[in-house]
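Going in written order, the chains are labelled A, B and C, and every chain counts its residues from 1.
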Amino acid sequence: MLITGLGVISAAGINLAETLVSFEGRKRNAGPVSLFETPLRYPVFEVREIPRRFYLEGQRTLSLALCAVDEALEGAHLKDELSNFRVGVCMGTTVASQLNDIEFYKSYRTTGTASMVAVDRYVKGNLAQFVSRKIRATGPSLTVVNACSSGTDAIGVAFSWLNNGLCDIAIAGGADELNRIPLCGFGSLGIVSSDLCKPFDRGRKGLNLGEGAGVLVIETKDSAQKRRRTSDFYLVGYGSASDAYHLTAPRPDGAGLESSINKALTESGIKPHEVSFVNAHGTGTLENDLVEGMVLGKVFGADLKVLSTKGFTGHALGAAGGLEAVFTVAGLREGWIPVSIGFEHKDETIPVVPVRKRTYINGHHAVSTSLAFGGNNAALVFRRDLR
Amino acid sequence: MQKSKSEELIKIKRDLKERLVRELSLEDIKPIDIKDDEILFGEGLGLDSLDAVEIVVLLQRNYSLEVKDIEKGREIFYSIDTLANYIYENTKSNTPGP
Amino acid sequence: MMNVLGIGILFTRGSGVACFEKALNDGWQEPAGEADANLKDKISPAYQVVLETVTGRALLKKMRRSDKLSKMAVLAASDALRSSAIENMNKKRLGIIVATAFGPQVTTFKFLDEILDYGEANVSPIIFSNSVHNAPAAYVSSALDIQGPTLTVTQFYFSFQYALQLAQAWINEGRCDYILVGAVDQYGDVLKYVHDCKLTPAPDNRIRPFNFNPTYHVPGEGAVFILVGKGNSKNAFCKVENVWIGEHPECKAPADIDIIDTDGMLADESAYFSSISPDIPVAAYSPLFGSMMVGSAFNCAAGVLMLKNQVCYANPVRDNPHGIKLLNNAGSINIELVRCIRYNCQGEKAAIYLKKK
């Protein structure tokens, strides 16, 4: 399927151009939490400022999503043509799926009553449905809540919709805001670092949370032809498999991740050596990076060009897969990938070594991987046709 | 009169067993069935990594004790005995009397 | 098209197809009114699941730390697999799609209790882990050793329909041979409070599905999983012919029976009128299992059993102020096509077409 639009917003930038500047300049825009009061002192990657025209009071995840969707639609030249096509919206998230407003709950548990404002926002705020209504899309809309692989899986769902004729065009990706619940929760699991994260580094101590949104516009060839649009970029494969192992720890042998990568490669019709780079999940936790690094080394070989962009964006949970899909396509488009920031010292137990500097890319294919809390693994394969 | 060390340890172990059964949802196990020297992780009680971090929070909340070093944590969490001794050695009520 | 090869159901009266069939035959029952831990001692009529009375709990030993939502999902999913009697299934080719409207909201509020009572640095990691939306799907995967793709989706009104539609897509693409498509939601005191603010509780504890306006709800909870796949048609319960969502359904032939999802979760259910025909008997089984955003799955299960057994089940509540043609006689019947209809608050429609195998 053709990829005709890209949109991102994260701590690295409010759009793709700004993000690429941060990548080139090795800028890590982390800091203490400023979005809400908390005694927790972990560094986080907050979006500097959501452009006003997208900002919705009390609905940060939706605001982030609208910003990225707008950029993607602009890039696809789709804004004025939406009503002529069946446009599906599939978005991944974690935070926006929950009724977790702490002031609402505090009032309820203290007095037995609470204002319905937070509830109304929640009920009207199903991420995909909200985006779909906002842009007046008439195709399917579905929100995927698969923890850290939500964005990747949402793109996979959109791929299935397109393959099955359920829509002509799909807007797919993920969005998540920085929120107190996952900050406390991941902190309690002992996997959040008090320093800037170091994906795959031997001194890594955990992840940093981030926020943002990453969105692709994907469409059938027919649809692009009707719209007289072309693209050199394609989504060619998706694979997903479950560890069936543990709620919070990845399967030590990485069988689920290996299976999902192989499925995606098989669907793309390519072999591992044809992959020019992998944008890894690379959270900076001891376990994720070990398992993922081991699997990537096994499937692609130790010479693989691999990076984690979470050193620039933090782990944006439901948005991560969407952000990283955009970064992967951008890598193919620009012909370079940024340094895997935060990595300095090789971990001898991990066979792959992330790129230590901005690196030129020559190939047609790239892969993005995601490993989720709860054990799901997902991989996407993208292709660039070089003219 | 201050309690003796052994009395204090007995109390700590009893509390620990009750908390573990409750907080870790150890169904079909009664606190009194857990032996003091029973290995908590792997063999024995069969606790795992998620239980380990829950015990870290349990220590923080109930005994104001932090366990930051994973390697040290492995030693402390070995059995009820080691856990109780750690609590006893590191809690304020056990400052030596005059 | 795909075959329904197994069903697992967990609801207020127990678990399993036989239990659900008995409820369909026995008709309406008063919802329980005892105090429940989740309701913080408030007595409130609701069709709640009492897990302690559910048999086959050996499976739950593998998931001691999980919450009620995940336990319900695992029990129903396991039942669906067992009822299919498919031997030597390759579980790497078995997928899971879980639909939920509110997810683990009860556990989410327990996590908020942790923050408020103990502070942000002293919260329980176990409670947090169970509060993530995909926890039920993760437990189904690990408890049943299912290694295919595992997905959780949420969409309030049409979660189950979208899940079923996606399952069909995955089968067409060859991503899976079989898929456990499930729906699960849990009742709790906060949700009760929200429902009571937004909707009207049934004054006599009876959902009246054919009132349309005003509507009355009695909360429910539970889980339904259906196992779908392309093969094994000999043992199939029935077929899922098609799933249409949000667009005017195209149907070659009218259904023999229409099952509607009226249950008081919409303040005004008048939209259903536009789908009701004077010639097609209408059924609604929500008075048996309660008002739920994922109630479609339970009604769908009733439709599957009708087609499999070639029987129809009388409506449990027959109040009919608008004089529509109701399915009121139970017994043997020749039916080919059952249509399960749901509307959302925007008046958009979804329909699941079930066909005799």
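Throughout what follows, a residue touches a chain if its C-beta (ideal position, glycine included) is under 8 Å from a C-beta of that chain, and two chains touch if they have at least 3 such contacts.
Because the structure is predicted, anything quoted here is derived from the model rather than measured.
For the pairs A-C and B-C, the larger set of C-beta contacts lies at A-C. Comparing mean CA positions across the assembly, the chain most remote from chain C is B. Averaging C-alpha coordinates per chain places the centre of chain A 40 Å away from that of chain B. If each chain is reduced to the centroid of its CA atoms, chain A and chain C end up 30 Å from each other.
Chain B and chain C have CA centres that are 42 Å apart.
Along chain C, residues 65, 121-125, 129 each make contact with two or more other chains.
Taken residue by residue, chain A touches two or more other chains at 188-190, 246-248, whereas all remaining positions touch fewer. With touch defined as above, residues shared between interfaces to two or more other chains in chain B number as follows: 50, 53, 57. On the chain B side of its complex with chain A, the touching residues are 48-50, 53, 56-57. Those residues of chain A lying in contact with chain C across their complex are 38-40, 94, 97-100, 102, 105-106, 108-109, 112-114, 116, 119, 123, 126, 128-129, 138, 140-147, 153, 157, 160-161, 163-164, 166, 180-181, 183-190, 240-248, 255-256, 259-260, 263, 372-376, 378.
Residues of chain C that touch chain A in their complex: 65, 91-92, 96, 102-103, 105, 108-109, 111-116, 119-125, 128-135, 137-139, 141-142, 144-156, 162, 165-166, 168-170, 172-173, 175, 190, 193-194, 197-198, 245-247. Chain A meets chain B in the complex at residues 188-190, 246-249. Contact residues on chain C toward chain B in their complex (touch as defined above): 61, 64-65, 118, 121-126, 129.
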